[in-house]
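The same subunit A turns up in both complexes below, where it pairs with subunit B and then with subunit C.
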Partner chain A sequence: MNILICIKQVPDMESKFKINNEGSWYDRADLAWRMNEYDEYAVEQAVRLKEQVGDADLTVLCIGPDQVKETMKKALAMGCDRGVHVADNDAYQREPIEIASMIADFAKTKNFDIIFTGMQSQDRGSAQVGVMVAELLGIPAITTIVGFAFENGAVQVKRELEGGGKALVNTTTPVLLTCQLGLNTPRYPTLPNIMKAKKKELLTIAPDLSGLGARQETTAFYFPERKGGGIVLEGELPELAEKLIHLLKEKTGVLA
Partner chain B sequence: MKTLLVAEFREGKLRVKYSQLLAFAKELPTEASMFLVGSTSDLPQFDGTLYLADVAKYGEYNPTVHKQLLLDVIAKEQPDRIVFHHSSYGWDLAPRIAVALKAAQISEVMALADGEPVVPVCNAKLRRKIKSQTARTVLTLQAGAFGMEEDPVGTPTVVPIDTEACKKVECKGYEAARIEGVDLTKSEIIVSAGRGVGKPENIAMVQALAKALGGEYGGSRPVVDAGWVEHDRQVGTTGRTVTPKLYVACGISGAIQHLAGMKKSDFIVAINTDKDAPIGEVADVFVVADLKQFLPILTEKLQSR
Partner chain C sequence: MEFTREIYWNVGHGWTTLAPMYVLLLAALAVFVLGCLQRIKVYRLGQPLDRTDQRGERIKTLLGNVLLQTKVFRVPGAGTAHALFFWCFFTLFIGTSLIVAQADFTDLLFGVKFLKGTFYKFFSLILDLTGLVAIIMLGGLLVRRYLLRPEGLITKRDDALMHGLLLTILVTGFAIEGARMAVTELGTPLAAWSPVGLVVAKMLNGLGEAGLRALHLGLWWFHLLLALVFIAIIPFTKFRHILTTSANSFLADRGPTGKLTTINLEDESIEKFGASVLSDLRWKDIFDADACTLCKRCQDRCPAFATGKPLSPMQVISQIGETAFTNPAANLVDLVGREVIWACTTCLACQDICPASIEHVSKIIEMRRNLVLMEGEFPGEEVMTAMEQTEVNGNPLGMGYASRGDWAETLGIKTLAEDSAVDILYFVGCYASFDKRNIAVAKSFIKLCQAAGVKVGILGKEEKCCGEPMRKMGNEYLYQSLAMETVEIIKGYGIQKIVTTCPHCFNTLAKDYRDFDFPVEVQPHTVFLEQLISAGTLQINAEAFSCTYHDSCYLGRHNNLYEAPRNLIHTAGGNLTEMAKNRDQAFCCSAGGGRIMAEETIGERINVKRVRMAVETGAAQLLSNCPFCLTMFEDGVKGADVEAQLRPKDIAEILAERL
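Right, the complex of A and B next:
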């Protein structure tokens, strides 16, 4: 089987964000970077599928500046066979359709049986790219999967629905699947696998940027105003506890 | 301006949240029509045109077929905006329409500012206002962001629609949400653990505080996915929606999916080291502290009252 996993490098969401000079996105300086959490589930599911079927080749793809190769190495250490780095310093400001076009352009001649992506990125969070890749390639896409089984060429997945229910969906390959949190338990790369990953192929390619074009414009980028009324308590912990208990007595009936 | 609203139907019923689509349309100078793969036995309350495909024929989840039905309506109706819920149905179908129309898609719209959509960035820590540059725009609306004070009323003018498109995937049915163990929706006091608890051993601190307050403990999605807190105690869009008298969020950053499940609680206390965490938007009291040090002190003081 020929499998593609698309990943994104994102900042740690606990970071202290600043706004960039253009006022169009967060400032990318001085941030800790990691693999988009949803994509870790995509990588893990692909590795498990290879463990199940034996004969499978896993390509991990990531678009961005040189620094994304660090994140790609984690995917290789988790068990992907080869990496394709699509070099693009402007990736962070590209729209979902542009990113999807770059991925589809790479994938269109490779005959991938299954493409795994995260259901969304933690920073932009559009939940568009995976479905758009599938539409551009003309293959089915099933989104938000929390269960996956592959047997005799048939793909069975569970889609997560609002309220905790699930839809059971069957299809065949080729197919694109977008992975939701909880699909599996992503593994931590072991030291021997981290060493092995250093020897795996990590190819950098230049994307074809012709034909890409903006369909939308960021007109403002800002921190939300904190909703008024909330009391912020800071200081020595025992004192904070006293203040909080006092507030609970005063404002709620629960400590009566 | 014309807006086409895409309503949803699941497990034999119209999803009542279509009123949020109407509330959004009401904020714009627009003429609204609606699209639904559903049934005449359960119609939305709305005075306008409803393009209705028969769910018995086309299925509840059937992306390629629903896409074609919708594209046919768009060709006929010529709307400027096509509006979905940002839901398992909407985020699945909307990008297919945006690709087909070569239209801008703006996901998870949470508000309108100067008539332009505003969306969250980085787990709702930041906001981005967007202007579409295409003639048509596809939008998905954040759950609960647009609401109506009263239930919608009206009777739609039903226009039946059909297509010849074939399906590529097969929806075999549904699996119900697991309902077992504790029912948090009945609890008056809930203390919930988030990723900030750091490790599974620290859940005990959250349980101890819940006990000292005489309530139940719960968790956000990451700690439930990690197996630190049981599934039936998950609070949020895919877990329980709770409205206790007191909700204490310990180390919970406040992802939208979590906020949607607890923001209607009477009184919300957040305990977090990160003052910018979005949980601050709904908190009545925000305690800036490391829960691992603060919870034992708070619990002890409550016990010795």
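Right, the complex of A and C next:
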């Protein structure tokens, strides 16, 4: 089997986000980076599939600047066989169809049986790339899967629907699947696999940017204004009472 | 008249006695040697390890632990009885050897006798009394084991055999002596020099000379046979501890205390990490199992065992031994059990008290290393998440790394990146950087330093977790990446001295980082502050308060620092009431060994149990020196529902309140 897993490097969501100079996106300084959570489910499912069928080749693909290779190494350590890094320093500002086109451009000649992607990225969250790749390749796409089974070329997935409902969907390969939380628990790479990953093929290719053009523009990026919120009072009991009285006097009219 | 006695009296001199005696002895020795060789073959299943360096020191420890029974003596009661029994048994052994030396060598070959005159009188008296004390001690131990039956004490066939054999040897010894004395010494002044023998002689006197002689001869050979059986079965029974436990004093880990071996991750020929089968352990780990006497001191002190977790350090050692001698190919991790392996807090209470110098913790860590590095397994998903958080953000709490120095923003201290000309680098640690409760401790420490005019720098967002919890949880790879980064950054600033408020950071930077060429002086804050106070640079206005003090495992047992924190408490005006378990007997808070990252899901909560011990002192404050302990106690006072009566605090906070 020939399997492609598309992953994205995203900032850790606990990071201190600042807005970039253009005001169009977050600033990249002082951020910690990791693999997009949903892509981890994609990688894990692909590795499990390989463990099940034995004969499978897993290619992990990531678009972005050089630093995304760090995240790709984790996918390789988890069990992907080879990595394809599509070098693009502007990836962060591209719209979903541009990203999808780059992936489809790479995938079109490779005859992948299954393509796994995350259902969306944690930072941009458009949830469009996977579906668009499928469309560009002319293969079916099944989104937000939380269960996966493969037998004799037949794929059965469980989808998560709004309101908690589930749906079982059958299809055959080739297919593109976007993975949702609950699909699996991604493994922690073992040390021998981390070592092996260092020696795995990690190709960097230049994207074919012809025919790609932005049709959207992010004109502003901002954090919601802080509105109210709770206050937790701390301290010894008498002190707490003092604080509370003070607050009630200052902010409310209940003691007036 | 010459004070002496006829050796081989009534037994017969010359070859008729000596030949069968020595044939039997040789047979016993042959069985003994074969038994030893058999066991050595099993020890050799383990990995190589050199434990023959620092021979002078090793021999000193050996003599101290064997002849002085130093470690055995640490636990009164059974320990005292064992020590006294040992000394008596050892004296009797020397006495018997002297008899052999005279009868079968000096007298036989050269006609020289030395067991005579005043020397003989005291020789006789001492052996007589030591025999009596030995019987009393053995009797006491027998009562303890079979009647009192202390909880957790495992009694097996070996124990019955040992008690029975030794007691019979001692009693028959007195019977032989009594029979001989009844015939040869009764009524002579010499009889008084064998008081116990004399009593026996008087009891046996009614048998008449012929009866006494027959009894003596029979018992003499029986006693000899038992003594030889004793020698022969040493390697096959718990008697082997005479050899193995003693040898282990020589072979003991010579520190630094609790330091783990650093795996060479650069070595690409290593394909397996940690221990999943016996042959992954070192030979000493197998030998340890043979040195164990099942005295259960470790189990009695294990915080996991005491709170209903499945871990007993003694059981782990026994299982390793059993596997080695019955099924060496078995999967050790499955056999010992994952819940057992994950339960250890690496508090070192087991190792510290062990009279047999067994290293429990490193074996458990080796099995953890196997689970983490080879299987990607953790005690729970929360631990895996903490590991991943540490990889991404350099702290197990999952806080954004860039905000690590935020707590210090308003305190007027700089990061080394801003100004590296400082007196000390304060290595803050993850909890004091991100956890609200522990930030208060960090702020107190800064306040104290500033009051003493010490210029402090921090690493801010350049600081990462020291790697201690990850390492103790078995993640050597993550630990080493964190360690190497930290070493490089700190060395880059040319720092001379580091102070920590976390004993885990202290222990790691001061001991573990030595393997990465990190020679910088590291001090825990309690020691550093005590020095500032005694140098007069830090003034504390003592103000009376009542408290109890918890020795963190990593300042206490791991680093033997018990007095500096107590001196600080005293300086602050503290009226310290000790908990029953203090200093080297202190009960862990539950958070060591990386357990700070894990949920405690089995049994009673360790921290609550420790808090209850603190409550018993009646003190109003529970002082500690460790962010993990403080976190656990803040949680523990809620769990024990004593929030109103007991306030956990760090010593630095107490001092800062009294500037």
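Quick notes on this structure:
The working rule: the second predicted complex is superposed on the first by the 227 of 256 C-alpha atoms of A that agree within 3 Å, B and C clash if a C-alpha of one lies under 4 Å from a C-alpha of the other, contacts with A are read in each partner's own complex, and residues count from 1 in each chain.
Criterion: a contact is a pair of C-beta atoms (placed from the backbone, for glycine too) under 8 Å apart; a residue touches a chain by one contact, two chains touch by 3 or more.
Since the model is a prediction, treat every value here as computed from it, not as a measurement.
Using the contact criterion defined above for the overlaid structures, shared-chain residue A:Gly182 touches subunit B, although it does not reach subunit C.
By the touch criterion defined above, A:Asp57 reaches neither subunit B nor subunit C.
Within the superposed three-chain model, A:Ile194 lies in touch with subunit C and out of touch with subunit B [touch as defined at top].
Once chain A of one complex is fitted onto chain A of the other, the partner contacts of A:Asp81 are absent, as it touches neither subunit B nor subunit C. In the superposition on chain A, A:Phe223 contacts subunit B only, with no contact to subunit C.
Once the two complexes are overlaid on the shared chain, A:Glu14 sits against subunit B and subunit C alike. When the two structures are aligned on the shared chain, A:Pro238 is found in touch with subunit B, with no touch to subunit C. Taking subunit A as the reference, the larger set of touched residues comes from B, when subunit B and subunit C are compared. Overlap of the subunit B and subunit C interfaces on subunit A: residues 14, 16. Touching subunit A in their complex are the following residues of subunit C: 265, 268, 271-273, 372-378, 381, 384, 387-388, 392-394, 398-403, 461, 476-477.
In the complex of the two chains, the subunit B residues touching subunit A come out as 10, 61, 63-64, 86-88, 91-92, 94-96, 98-100, 102-108, 113, 116, 119-134, 143, 168-178, 188-189, 213-215, 221-222, 224-225, 234, 237-239, 245-246, 253, 266-267, 269, 274-276, 278, 280-289, 293-294, 297-298, 301-302, 305.
Looking at the complex, you find that subunit A touches subunit C at residues 12, 14-16, 30-34, 185, 187-192, 194-195. Within the complex formed with subunit B, the residues of subunit A that make contact are 11, 13-14, 16-17, 19, 25-26, 95-97, 100, 119-120, 122-128, 131-132, 135-136, 140-144, 158-171, 175, 181-182, 214-224, 226-227, 229-234, 237-238, 240-242, 244-245, 247-248, 251-255.
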